[in-house]
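What follows is a single structure, written as structure tokens, with notes after it.
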Amino acid sequence: MGVRKAITGAEAAAEAMRQINPDVVVAYPITPQTPIVEQFAKYVADGIVDTEMVPVESEHSAMSATVGAEAAGARAMSATSSQGLALMWEIVAATPGLRLPVVISLVNRALSAPINIHCDHSDVMGVTTLGWIQIFSENAQEVYENLLLAIRVAEDTRVQLPAMVNQDGFITSHAVEPVEIFDDALVRKFVGVRSLNRALLDVEHPKSVGPLVLPDYYFEFKRAQEQAMSKVFEVYREVGTELSAITGKQYPFFETYRTDDAEAVVVVLNSAAGTAKVAVDAVRAQGKKVGMLKPILFRPFPYSEVRDALRHVPVVGILDRSMDFGAYAPVYSEFRNALWELDKKPATQSYIYGLGGRDIMTTEIEAVFEELLSGNLDPEHQRYIGLRG
Amino acid sequence: MKEVYEVRMHGRAGQGAKSGSQLLAEAAFREGKYIQSFPEYGSERRGAPTVSYTKIADQVLRSHEPIVNPDVVMVLDFGIMRSIPVAAGLPDTGILIVNTKVCSAEIKKLAQFNGTLYGVDATGISLELLGMDTPNVPMLGALVKLTGIVKMESLEAVLREHFLPKIGEEKVQKNISMLRKGYQEVFK
Amino acid sequence: MSERKTWQEVELGVELPAATSLGYKTGGWRVLRPVWNASECIHCMICVGYCPDMAIPVVKSEEGVTGKGGRVFKGAVRLETNLNYCKGCGICAHECPSKCLSMVREEEAEQASCKL
Amino acid sequence: MPTLQEIALKTAGVDARIVSGHRMCAGCGIGAVIKNVLAASDKPVIVLNATGCLEVVTTIYPFTAWNTPWMHLTFENAAAVAAGVESAYKSLKRRGRIESDINILAVGGDGGTYDIGFQALSGALERKHNFMYLVYDNEGYMNTGNQRSGATPFGASTTTVPAGKFSFGKPQWRKNLVEIAAAHRIPYVGQAAVHNTLDLYKKAQKGFNADGPAVLAVLQPCTTNWSFDPALTMQYSKLAVETNFWPLYEIESGVVHINTKPSNRKPIEEFLKGQSRFKHLFRAGNEHIIAEMQKMIDDEWARLLKIEESGIQF
């Protein structure tokens, strides 16, 4: 049994970091991520953790120093949002190639231009091809648990890949909710310490990390990296089972809500999934069979499991909080891909919602269900929720 | 002529295998041929072994594969044969031209080639006429003599076009002399 | 290089064990070869400090070696240039204060020493 | 006082911190810079290398010339990666998970230091991480064929600022990295040149032993893109010092000390001639550019002498 605290999503991330007590935390402030590093800096200042904290001069250096520390042998963490992730992009791309299990908090925020500090998923969707494990969180409780989970999955010898734990900017990061914080000793035992097997600081066994690799070998390294990603599923399940022993919760690849007999399902990430559950209940109350699917593990993407979960559903509406201009939206694309193998494919409809922090209401999701059930679909064109004109 | 005539040049970074390959291609281009000229990009440093390819054809060249079975192999640096199998893929009926003073049996052994080996003292020629070791130009002269794949006039015109603005008339003349001397002095 | 590794065999995280370049012989790049006249050498170590290819071996000699003017040089003494790695830049010959090194065209040096 | 003999014993063997088989151009002085700097550390050294000549030529998979822990991440962040390594070192040591004492060396060319890596360097110096930053300065992006950098001198023709009918090459003077580094109030900043092995070694020793960050800038003439005979690398380095183009000096705890004062400084033409990047300056009508260059060098030298004499701290 843990302790229940009324804290924000940002504070929940900092709580996880407090229990992890990483060797090194490197960060640069950016709204809405800043409260995570501020809270953690306070823990450092008060001696609650003995982490080496490095407040650097930019996100690019934040990620560079995090990777440097991780290569040196430390367990290193960071946190960022939006433009910060964009500035880090180059190093975000390099990290999985070096197979360094860095874990960061990503507080999702819209990308410029125009500049906007509020929530959408355009930051994270810009890095889906780079080889990070990506985990999404509906609320502060999930943020906390997902960070604990991510450390162990990332560092597993079968994986050795970086991971980012997502939460919605402001909606989750700045909203106070009850969060159950589990026993420090149990959690610390669960996260353990990072092995020094690959440490650059092991000067007795010098190695060269990150050499130039020409066409004769680059391809082989990338294939090996893909293999590591494919191992995430089994590791995620195993580590999830271990964490369940502490938390009593389950850690599936995605959550389904009332989908068993559903005739229409919406797919939605992060905080809006909670809103969607309320909408499901409301529409169900009218006697209509609807449900919701919330992806949690987005990279690697569990195509076959998603396919099995949706194979009996006649129509699926996929809600994206970002756009891929001139192409199908990112979450929609994945679900279309997952369903392709089915002989009897569910009908699909793409919806864009909530860009730049535009609120999404239960009534709007109820209207989505109405539309899905009406058969008025246009799978070739995305529709917009809450957009004027 | 076979459908695509292929020349592979081995040299060291700085010796002009890449520009030699380009000069040859441009000379053929002037004669109305379809051409490709490309080096293998690695992280070449002055002195490191390099490879450049030239393809010449009467039809448009669509494939971007490297050359596997060349008609001619040119070796701009004698010593490179110690580390690089220069004759790889060259049929025994093909032509191997080496920058060397002598065509001894030892050199042939070093080249691991059973066909006819030709030599030209391209370094000697260029040191004598230009005072610098730029073996690519005399080697091209030798190539024309042995294959006739392009006309000397075309190569001379390309040399002039390329180098006149950079090095002036006097040195262009010297390069043309080097080209002609390579043509005259290639030996078996 | 021997048979190339498959994707299952390449190192985790592109981590190489140290000093594998000793297996890559850059001596093949050489056009000019440094010819060392040990009897003129004063073992000043200027060439060693400058050699960009770390191609001049040095040993600590208690008994010493005979160099310029028949003098015996003790302590750090240089040996013959390692032609496996020397790229023939000529810095050693150019900077040698006792002029005990000269650069000779590789082809000639090789033919002279019948090493073909 | 170290001797060339002692240094040679540390750099020449297969157990040196960097070994043969790398693919620098024949005559490239970077080899001499890095091996002598590495030899100056009495503790194991971890090297964090920015993208550039040194990185590319020393580690072409599956070959590495490094016999000491080494890492390359990207172009602009060697100082930030070093900061991360240093933080990990402090943390793991404090937690009793590692025991060894080490030195940390970040190294980059002038592109990775004066230009794209400048912010990361400044940040790491300001935060006072305990590491040394070494820049081998060949005055431009030489790895990719002579593009302009913030270290390229006035009057040099580069592929991105070529000399032409209306241009004499780079119109600006180079950035003074040593003074900028010193302005961070760090314990040690040194300016050395590849030809002076003993001076370079001593400065590297001071840098490694400094309590806090150190910066060492080393001039490294590029045989390929300054295009001179590879045997002349050390000569061009010497000429840079003898013309006062590249003074050998250091700033220890803010105090300037000039290590070498040429008794008869040579005219700058001595350094310029024979280099392709300055060839156009010797054409008729361009005399004023060389004169302007000479004036800048003399003014800078006079200024440096004054600072030294004054004893004023940086």
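Letters are used for the chains, namely A, B, C and D, taken in the order the chains are written, and counting of residues starts over at 1 for each.
Methods note: a residue touches a chain if its C-beta (ideal position, glycine included) is under 8 Å from a C-beta of that chain, and two chains touch if they have at least 3 such contacts.
The structure displayed is predicted, hence computed values, not measured ones.
S.K.: Report the chain closest to the protein's overall CA mean, measuring from each chain's own CA mean.
M.R.: Closest to the centre of all protein C-alpha atoms: chain D.
S.K.: Determine which of the two chain pairs, B-C or A-C, is joined by the larger number of C-beta pairs in contact.
M.R.: Of B-C and A-C, it is A-C that has more C-beta pairs in contact.
S.K.: Compute the distance, rounded to whole Å, between the mean C-alpha positions of chain B and chain C.
M.R.: That pair's centroid distance is 31 Å.
S.K.: Return the distance between the CA-based centres of chain A and chain C, expressed in whole Å.
M.R.: That gives a centre separation of 55 Å.
S.K.: Give, as an integer number of Å, the spacing between the C-alpha centres of chain D and chain C.
M.R.: 25
S.K.: In whole angstrom, what separates the CA-based centres of chain B and chain D?
M.R.: The mean C-alpha positions of chain B and chain D differ by 39 Å.
S.K.: Of all the residues in chain B, which ones touch at least 2 other chains?
M.R.: Where chain B meets two or more other chains at a single residue, that happens at 42-43, 47-48.
S.K.: For chain A, which residues are shared contacts with two or more other chains?
M.R.: Residues 98, 206-214, 217 of chain A each touch two or more of the other chains.
S.K.: Indicate the residues of chain D shared as contacts by at least two other chains.
M.R.: Correct list: 23-24, 26-28, 56, 59-64, 66-68, 223, 230.
S.K.: For chain B, which residues count as touching chain D in their complex?
M.R.: Residues 14, 42-43, 45-48.
S.K.: In their complex, what parts of chain A are in touch with chain D?
M.R.: Interface residues on the chain A side: 23-24, 26, 50-52, 54-58, 60-61, 64-74, 76, 90-91, 94, 98, 193, 196, 199-204, 206-214, 217.
S.K.: Using the touch definition up top, name the residues of chain C that touch chain B in the complex.
M.R.: That would be residues 25-26, 28-31, 87-88, 106-107, 110, 116 of chain C.
S.K.: Using the touch definition up top, name the residues of chain C that touch chain A in the complex.
M.R.: Checking each residue of chain C against chain A gives 4-8, 10, 12-18.
S.K.: For the complex, which residues does chain A have touching chain C?
M.R.: It comes out as residues 97-100, 160, 198, 206-211, 213, 216-217, 219-221, 223-224, 227.
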